[in-house]
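Here the structure comes first, spelled out in structure tokens, and everything after it is commentary.
Chain nomenclature is as follows: A, B and C, assigned in order of appearance, with residue numbering initiated at 1 for each chain independently.
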Amino acid sequence: MAAALANPVMRRLLRVPPAYYVFAVLLAVLWVARPNMLNLNIMGIFVRQIVPLGILVLGQLLVMRVRSIDLSGGGVILLINYTISSGVFPGASMAFFIVLALAIGLAVGFFNGLMVGVRRVSAVIVTLAVGIVLVGFVQYLSSGKPPGDVPGMFADIYNTKLGPVPTPVIFWVAASAALSLFLSRTVFGRFVTSVGENVQAAHFSGVPVARTVVLTHTLAGLFAGIAALVQTASIAVGSVRVGLDLPILAVAATILGGVVFGRGEGGVWGPFFGVLSFALLFVVMTTFGVDEPGKLIAQGLIILLAAIFYGIRSRSN
Amino acid sequence: MSEIRKAFAGTAALKGVSITLQSGSVHALMGENGAGKSTLMKILAGVHQPDGGAILRDGRQVVFHRPKDALEAGISTVFQELSLLPNLTIAENMFLGREPTAAFGGVDHRRMRREAGKALAELGLTLDPGTLVSRLSIGERQFVEIAHGIMTDASVFILDEPTAALNAADVEVLNRHIRRLKDEGKAVVYISHRMDEIFAICDTVTVLKDGELVGTRPLAEMTPATLIAMMVGRELADLFPQRGDAPGPVVLSVEDFRITERSKPFSLSLSRGEIVALAGLEGQGQQRFLRSLVGQYYPFAGRVTIKGKALPLPVPSGGGVRRLQAMGVGFVPEDRKEDGLFLGLSVAHNIAAALHSKRSELALAEGYQRLIADTMSSLAVKAGGPGAAVGTLSGGNQQKVLLGRYLAADIDILLVEEPTRGVDIGAKSEIYRLLRDFARKGGAVLVLSRETIELIGLCDRICVVHNDTIVKEMPAADATEHNILDAALGANGTARIINDSH
Amino acid sequence: MTAISRRLTGARGSRQGMWLLPLLIVLAIALWLSLQTAQFLNGENLLNLVPQAMPLVITAVGQMFVILLGGLDLSVGSMISFTTAVLALGGPAWALIPAVFVLAALVGFSNGFIITRFNVHPIIATLSMQYILLGITRVLRPVSGGTVPDIVISAVAGSFLGIPMPVFWGIVTLAVAWKLLYGSRFGLHLFAIGGGVSSGVEDAAHNFGIADRRNIVLAYVICACFAALAGIFLAGRIVSGDPNVGLLFELDAITAVAIGGTQLSGAIGSLHGTVIGALVMALLANGMNLTNVSPFIQTTIKGAILLLVVALQSRKKMGL
């Protein structure tokens, strides 16, 4: 095993994020089992469904690159979905809801960032706790019953297409490209890389460590806010359960995409393919009749196996 | 031990070293920092496993997979780094891993305390064995560590720089016990930088240099001078660049600085063109003072002026490094692997890190290709290119990259901790030259090191720190190891050093 | 006096952490509740308190073992649900009860093994285990139902010598935990490993010749087994299997441990502190029920308490 890992070809192959392999394998499975599903229209609909996840992942990969994590996205999505669908702001315009959603996301992310970056509290515990505070709050407001409908204009935009490709998918690709550029071109991107590699060294080379962590969390909150808007538009109704499983899926997709605590080898596109892998996985699982519990097990196993993969690799180096 | 080899992350730490320990003898192991002494002893103690070679005990080969194996084979170690666990009591630390058990498998705390108390008393300490280690001072901890090591029923004892935080009287107590062990027919390995100790208690000396064996000699045949020559491998004068000319204007001045509430105030000034040393025994406040300037510790009182501008104290812990960098001051931390470098990232990223730090997050990151290439060539960094990961370079080249980061960032005052820790002799010489060039071009350097010889050779002025204050200042040209040690030990009529009240 | 203030603030010099303050909080909450509502001091309510608090006490005590060595187990909530589901499978008690513990030990072992051998962060390992177990539980029992063996029910609901059974559960739990933590070399080694981890020298305990990996694995096994014990207790109370009964239990347990003065970075903490922490949580829940606080907002309040407690603990490390 050790000898195989020392082989340069093996090493190079190990550097490729597992998401690409998983994606290729799932595509092959689908191509053999259900070739008729592999057309642009059907695939477009499947991919469109996971756009909220894809956007949430953009935030997740940011915080994971600075060795943090954000599990509060579910709460943020639920809260925004509630404010839009419950009718507490009757007749408000679309722009108002968008601003409100982004503000909620930014505020929650900023709070997470302060706790993790300045108070240095365990990120898992902070963001889990923030998540359940928000979930409990929404359930309290709605007494556990689904709120009303989402204004129609959300669904109208969600259902548009540019050529054969649904608009939300294009939006996701564009957001990913923007983040990728942002990270590779700005000083902030360098800070993120430095903090992720070695917090102490970053501190002693003058990187504003706490500010960088606060900023990544704030941005993650912003992405959660955007994900909430897309998710709300996609289901078109209010719900007291929407988005609750997204944070853990986002962690899974990010790890699968080669971004593990501190290491950013997968960039933005690794996790992007991690999300696509999950889209295909759900299609494959549905076609083979695997239901909800099976999906939970698969999520857990994927995170575990990917983490073990990195654990073995880091030891062999 | 025969033909021991060991490499860390591709860098050879030991290149086939053999050493023979005899019972009833004290064996000194000497060499500069990074020569491989500690690595060799960690292999003997089972902490590291050798890549090659064998350990023979009474002629039979033994293999230690873990520290426990070595302990069971009768090899007891006092490590250089303080490895006591702060949340355990003295007694628990001393018996950790071999606790006596009472009825029903419980730990016999009473017996542990009794025996620990006895061991402490033999070393002349009156500490309560039930005290948590987190409440002890550094000197006390070191003594507990020694008690832990030498009160064990073993036949081989390894003492890795046991006296770094001890005062002269305590060292004498320790020496008495080492002689006792010797009389009892045990084998003792003694690692120290202090010549007087080596000549006082050791019988044989083995010198390592850059992971290779230089030689083993009876100490009776050696003098301190021949021993140093053996360690350094060449005349000292060749190693160091010429000292600077008359220094320029003062750029850093420290007045009435009190590191802690109880320490005496001191003052210090640093001029352009000058390299000033902070010397002294380990843990006497040198590092605490330097790191107070970057905000890691909050000093009790003092005024600091940098290039005519006052530095408000205390410096904030989060942004201290940034504030100083903005004033043209770079801080080079001692532990380059933990605190200094991004080992997994490229040379270019490591050098440019401080350059980026000066700019706003939202600014476009510059490539700095030119500056990085210039820095790499002026420092003669041997690497596959700017894209090579720093972790793959040798210790000396890593250290140069770390220095290069601050030199590239337009800095004119350098605060350097341990500039040559764990680098080979050639790289040392180059680093000394780099620092001297930096000073000659108008920079100022404040340097802290455990190696007194290095400070004498490299610096213009030496400030000896003892008990959180500067006790003596002397021109490096007049300094000798002996008079620095004298001052560092507080021997010139000043108070005794550490915690002598117990 | 100084000794007392040190206890109160949990300053260094104690390995037990700050536990006296939470004890005062317990008393304060109790006092406040007895003044606020007549029902609190009612005999029936007080009798109910013990069984209400017991699952959390048991889980928190197990969680404390992994927290002391600087780890965390997020899979205990799923473990509890899983246990109730297994007990409700419908089989003889003599087979089901040992099976539950064997399965718990297996889960704990997997957690510990993955963490120590593959270098996986405890939070990631146990988080994925949480989902895997939840999935398996939903396969076994998609919605609550089934019946658990009678012996389990009577072991929780009955009484012995006039003393309600839950009291004995508490005594056994605390005795076993006390023996493990304070009456064995293992317990001391846990503190040693945690001391190394929290002071940044991960292999300090290893250098003392302690089999750190084995002890870490054992701590996760103990944690999972205590969760299973809590699961059996809960199954006896609800008389059926429920895939959601353990939901968010891991957070309550972590909150309880943290309230009791145990540092989440390891090394500092105590058994009595953990019990006191669990009592704080149980009293709060009891009080909120008595004063008719909506169950939804109770979740929010508990989350806020967790945030507050962890924010008050300082830590060197940043991130996860």
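Quick note on the criterion: contacts are C-beta pairs under 8 Å (C-beta built on N, C-alpha and C of every residue); 3 or more make two chains touch, one makes a residue touch a chain.
All of these numbers come straight from a predicted model, not from anything done at the bench.
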Category of the chain touch graph - line, ring, star, complete, other: complete
Which of A-B and A-C has more C-beta pairs touching across its chains: A-C
Where chain A and chain B are represented by their mean Cα positions, the distance between them in whole Å: 45
Distance between chain centroids, defined by C-alpha means - chain A, chain C (Å): 30
Residue list for chain A, restricted to those that touch at least two other chains: 209
Touching two or more other chains - residues of chain B: none
Complex contact set, residues of chain B against chain A: 294, 318-319, 321-322, 325, 331, 333, 338-345, 349, 352-354, 356-365, 405
Partner chain C, residues of chain A touching it in the complex: 66-69, 115-117, 119-126, 128-137, 139-140, 143-144, 199, 209, 213, 248, 251, 255, 261, 292-301, 303-304, 307-308, 311-312, 314-315
Touch list for chain C against partner chain B, complex: 12-15, 179, 183-185, 187-189, 191-192, 194-196, 198-199, 201, 204-211, 267-268
Touching residues on chain B, where the partner in the complex is chain C: 47, 66-68, 71, 79, 81, 83, 85-88, 92, 96-99, 101, 104-107, 132, 134-135
Contacting residues of chain A [partner chain B, same complex]: 185-191, 193-194, 197-198, 200-212, 215, 263
